[in-house]
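This report concerns only the one structure given below.
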Amino acid sequence: MSNKKEGGPELIVSRQILSIAQRFSTGPVMGRFLRELRDNKRIMANKCPKCGRHQLPPREVCALCSVEATEWEELGPEGAIRDYDIVYYSSPDPLTGETRETPYVLCWAQLDRTQGDAPLWHLLNAPDLSKVRRGLRVRVVFSEERDGTMGDIKYFEIIE
Amino acid sequence: MKKKNRNVAIIGSGMSKFSSHREEVNQPELIHEAVVEALEDAHLTMDDVDCVLHGNMELFEMVHQPDMWHVLGTGAWGKPGVRLTTGGTTGATLACAADNLVASGLHDVVLAIGFEKLEEGHATGGITNMADPLWGRSLQTGALTGTAAQKLIEQFGEERAKNAAIKMRIIMDEHAMRNEKAHRRLRLDRKYMKQIATQTPPLVGELRMIHMCSQSDGACAVIFASEDKVAQLGANPAWVVDHETVHREETLIFNSGKSTHRVAAERLYARNGITDPIHQIDVFEMYDPSAWWGVDWLGDFLLCESDEHVKMVENDQIAIEGEFPLNPSGGVQASNPIGATALVRVAEAAMQVVARRANTRCRVM
Amino acid sequence: MSGETEYAYVVEGKMALPYQYFAGAVGSKFLIALRDEKRILGVRCPKCETTFVPPRQTCERCFSDLTSHWVDVGSSGEITGYTVINYKEPYQPKEPPYVLALIKLDGADTPFAHILNCADGAQPAIGMRVRAVFSKEPKDNILAISHFELEP
Amino acid sequence: MAKHRGAGGRVAICAVAQTKFERDKWQVRFQGMLWEVVEKVLRQTGLQFGAGGIEAAVTVSDDVFDARTISDGAITDVVGAHHQSEEKVAADGAQGVYYAAATILSNHHDIVLLAGHCKESQSASRNQITHLAFDPFYTRPVGLDYVAAAALQAQAYMARTGVTEAQLADVVVRSRKWARENPVAQETAAVTREQALAAPMLAAPIRQSFMYPVSDGAIAMILASEERAAELTDRPVWITGLGNCYDSFFLGERDLAGNFSLERAAKKAYEMAGVTHPTDAFEVVEIADQYAHQQPQYAEGLALCPARQGAKWLADGGPEKQHVNRSGGMLAGNPLILGGMARVAEAVIQLRGEAGSRQVPGAKRALAHGATGPAGQLQTVVVLEN
């Protein structure tokens, strides 16, 4: 493909989509979270045995205490919006290479019973963007078909 | 503070032209521009350099181990080198590494090169790949977020926060107008402050195109030398006194706990006898990826407890003529070749310290 | 390790993003000459007395600017090294097995890698003479030379 | 030669841990692999993260292998870098050793965690990653990747030195023999010369058996200043020589049968360590032999035998006499990114006298080597002593 500038010499450009298939391991910790999502429609967070805070996403080690976060507790499925982003900019999803449709709303919701600052991050179904605000009560809606990925959560819905 | 094994100074720097369109050069050629300028600035040839550092993000251009191909432009042929990469901080990491490598005694003259040719990839897509593939990758939108705006609006009210952000953007542009290397030089006019923001498309929440940094192609090269070499060369040194790096656990949530900026600043000030940063620091080059983050992070870096940083923007204290010039280069809002950006901050600060920037007026520390 | 490994599984996915690479003014001049005129250009470093193919803006060793030192090199040359590719990957230019050779063109000092088509049964060897066969389709990369073949 | 850290300043490696290297650690994330080894070095030294303990991490990984931009951001917690320093070396792990040592020699840090990981099994193929190391217009279109580059190197090297396929098969046989004595080694099944020679030809003259296997794993080390090393171990291993060097990128512009960059890297490391006669200076030698031919070729570059004498060196039993790759080497399985780091790890284990049935008795000085890039464009040499 060429890239001719007015009057200037032709400058060669090569446009391509580079793609490499991946096998992403869940490991035991994220695996447990995703299995609970898929099989039981439960949001399970792991918990640091030392400082007691929850981790979402669940991670092997508590960064504050450098110990394995071995305990598990169910959180939500309701909670309150801690932060949100109304996205107008359309970007590619690097897991599929496809461009996302806009606008959409991302939200970080602190689920009920969460200890520490560990909101769950997902899409918010908000037909009226002007209603979105911090502190708004929301509920996790699970997808009908679930395959053990974050897509098993369809979105948050606003509790009217 | 611990004593360095030996003292280290910056003795020269160079930058390519920053632009979103550098189609006339390939990657090593873009790098070469910066390297040649840095060598000229330091009055050295490549023979004087005994180590070459390289840094960028592989997924931005999708070149694996790019320092290999880039040897064609870096000058590293037949020489030692190290490749380091830490995201937007890469350029600063390169500066820390160059400082360490010279101070260690392993090398006398180190050339640090930060690089990115963002036009060749998809910057937002590339940053989105930061997110865990099993957690937020299908959600994240690169580095675009409106959460910094939300925080400032909550802290200072909508009108004051929005005015501060756009005022900072205008000041950065005024600075960029004095820097011929800057990528975006928009000639923003203070008269139209209210309209400027709303005339550009919204990206995420209150973050609009005008607030966000550019996507630039560019390279920056900085030469670090030992104290002996500085004397031998009769160079005009900007001494590297100390550096501090602070990370955070990966949660992909914002505004959680004490910011890494504040922790880093506290440690650096404590070690170096800085008790009143606003008055003890003469010029500050900050990585400000957006005008919103710029305002917020200024408060963190200066350890502000209330609205001092907002006032500094409102009363033009951060302008070149002000008491605390911020980003006389125009900063990151003007130019952002990501892997080079933080090294540009170091290079610009060093130039200010040795008073090589003729068109700016800053006090020297 | 934390947790029980029976919870672990693998999620199939991919890493996929769009890219656009620029050859630059020097590279474009070389590639356009290949594509449009079936001419192979090199650049000569006057200081190192070396003719490089493919070209580059500056000599990596002495930093001389090479942009005004273009030279024509021949479309024939000799094999300086080779391998036979027998494994399959999606990015390969043709179905394996095929010969990948280092070829030093007449008038050039630096060999470069390209495909060598050997007529039935012929084996490549170092020092063998080869010539470029240009692509019938316009190609904007080194495959404007479709492949090399052994000189009769 | 530049100055050293004053008053006898040296850097010690005080602890080492490796996962077992495996073809496919599908059951664990890279964070999990890393934590396994980080936890081990914490236990070995009794260290904690933070002031007075581990002040900083130098990590080793690669964004394309991890399919992740700034992939070190994902390991902040497991390397203890929350509100601490972490710097990522994106090259072979021997480069990580090089840089981590510099952060201590500079006196910026006293105790540093060096931690590297790579899961080669994650991507559809390792070749699809190394293909991306080539430039988009001249070398990608003809299908180059690191295997093809190594094959061109092997062809050139064997043509120049007369090293035979049978000799390469013997290198593999010997690698497997020693790998059986190494609890972390991946490829431990015995092979005969005939079996190695019967393996499919991938890229002539490289057969499947002559190439390092796809591998997953992680390595962690604790490096410390001389002042602090004694607190952490009674068997410190000192880094006494360091060197590295780049060659040209385009394969045609290098002497592929030679060792331009390795010779320079070795010269620097040997000067620093005071090594004048490398042929008998080391009791332990670990060479990053991603491909079998690289063992004799890099032995030449490291001056373990005269240049162009690799075939004779193999025929005379050089690898056995000079205790080369008792770990099994890279042919027994290490991910590309950790090849040199695993060599340093084995050198440390040997110099600590902890190598069990593969121990070289009385080992005093070791040589470890790493390589990055197509056909070893960037070479790293580390000399270690106890």
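Residue numbering begins at 1 within each chain, and the chains themselves are lettered A, B, C and D in the order written.
We adopt the following convention: a contact is a pair of C-beta atoms (placed from the backbone, for glycine too) under 8 Å apart; a residue touches a chain by one contact, two chains touch by 3 or more.
Model, not experiment: these values are computed from the prediction.
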Most widely separated chain from chain C, with each centre as the mean of CA atoms: A
Chain pair with the higher count of C-beta pairs in contact (B-C, A-C): A-C
Computed distance of Cα centres, chain C from chain A, in Å: 43
Rounded Å distance, chain B centre to chain C centre (Cα mean): 37
Distance between chain centroids, defined by C-alpha means - chain A, chain B (Å): 29
Separation of mean Cα positions, chain D and chain B [Å, integer]: 33
Shared-contact residues (touching 2 or more other chains) in chain A: 3, 11-14, 18, 20-30, 34, 59-61, 63-64, 68, 92, 94-95, 149
Multi-chain contact sites of chain D, meaning residues that touch two or more partners: 26-28, 32, 35, 67, 76-77, 82, 128-129, 131-132, 136-137, 248
For chain C, residues contacting two or more additional chains: 1-2, 5, 8, 10-11, 13, 15, 17-25, 27, 31, 60, 140-141
Residue ranges of chain C touching chain A (in the complex, touch as defined): 1-25, 27-29, 31-32, 140-141
Partner chain B, residues of chain D touching it in the complex: 2-6, 9, 56, 62-64, 67-70, 72-74, 76-77, 81-91, 95, 98-99, 101-108, 129-135, 137, 242-249, 260-261, 264-265, 268, 372-374, 377-378
Contact footprint of chain A on chain B as seen in their complex: 23-24, 62, 122, 124-125, 128-129, 132-139, 141-142, 144-147, 150, 154, 201-205, 249-257
Residue ranges of chain A in contact with chain B within the complex: 3, 5, 11, 13, 18, 22, 24, 26, 30, 34, 57, 59, 63-64, 82-89, 91-95, 106, 108, 117-119, 121-123, 134, 149-151
Complex contacts: residues of chain B adjacent to chain C: 22-26, 28-29, 32, 36, 45-46, 59, 61-62, 71-73, 75, 77-78, 117, 119-122, 125-126, 129, 133-134
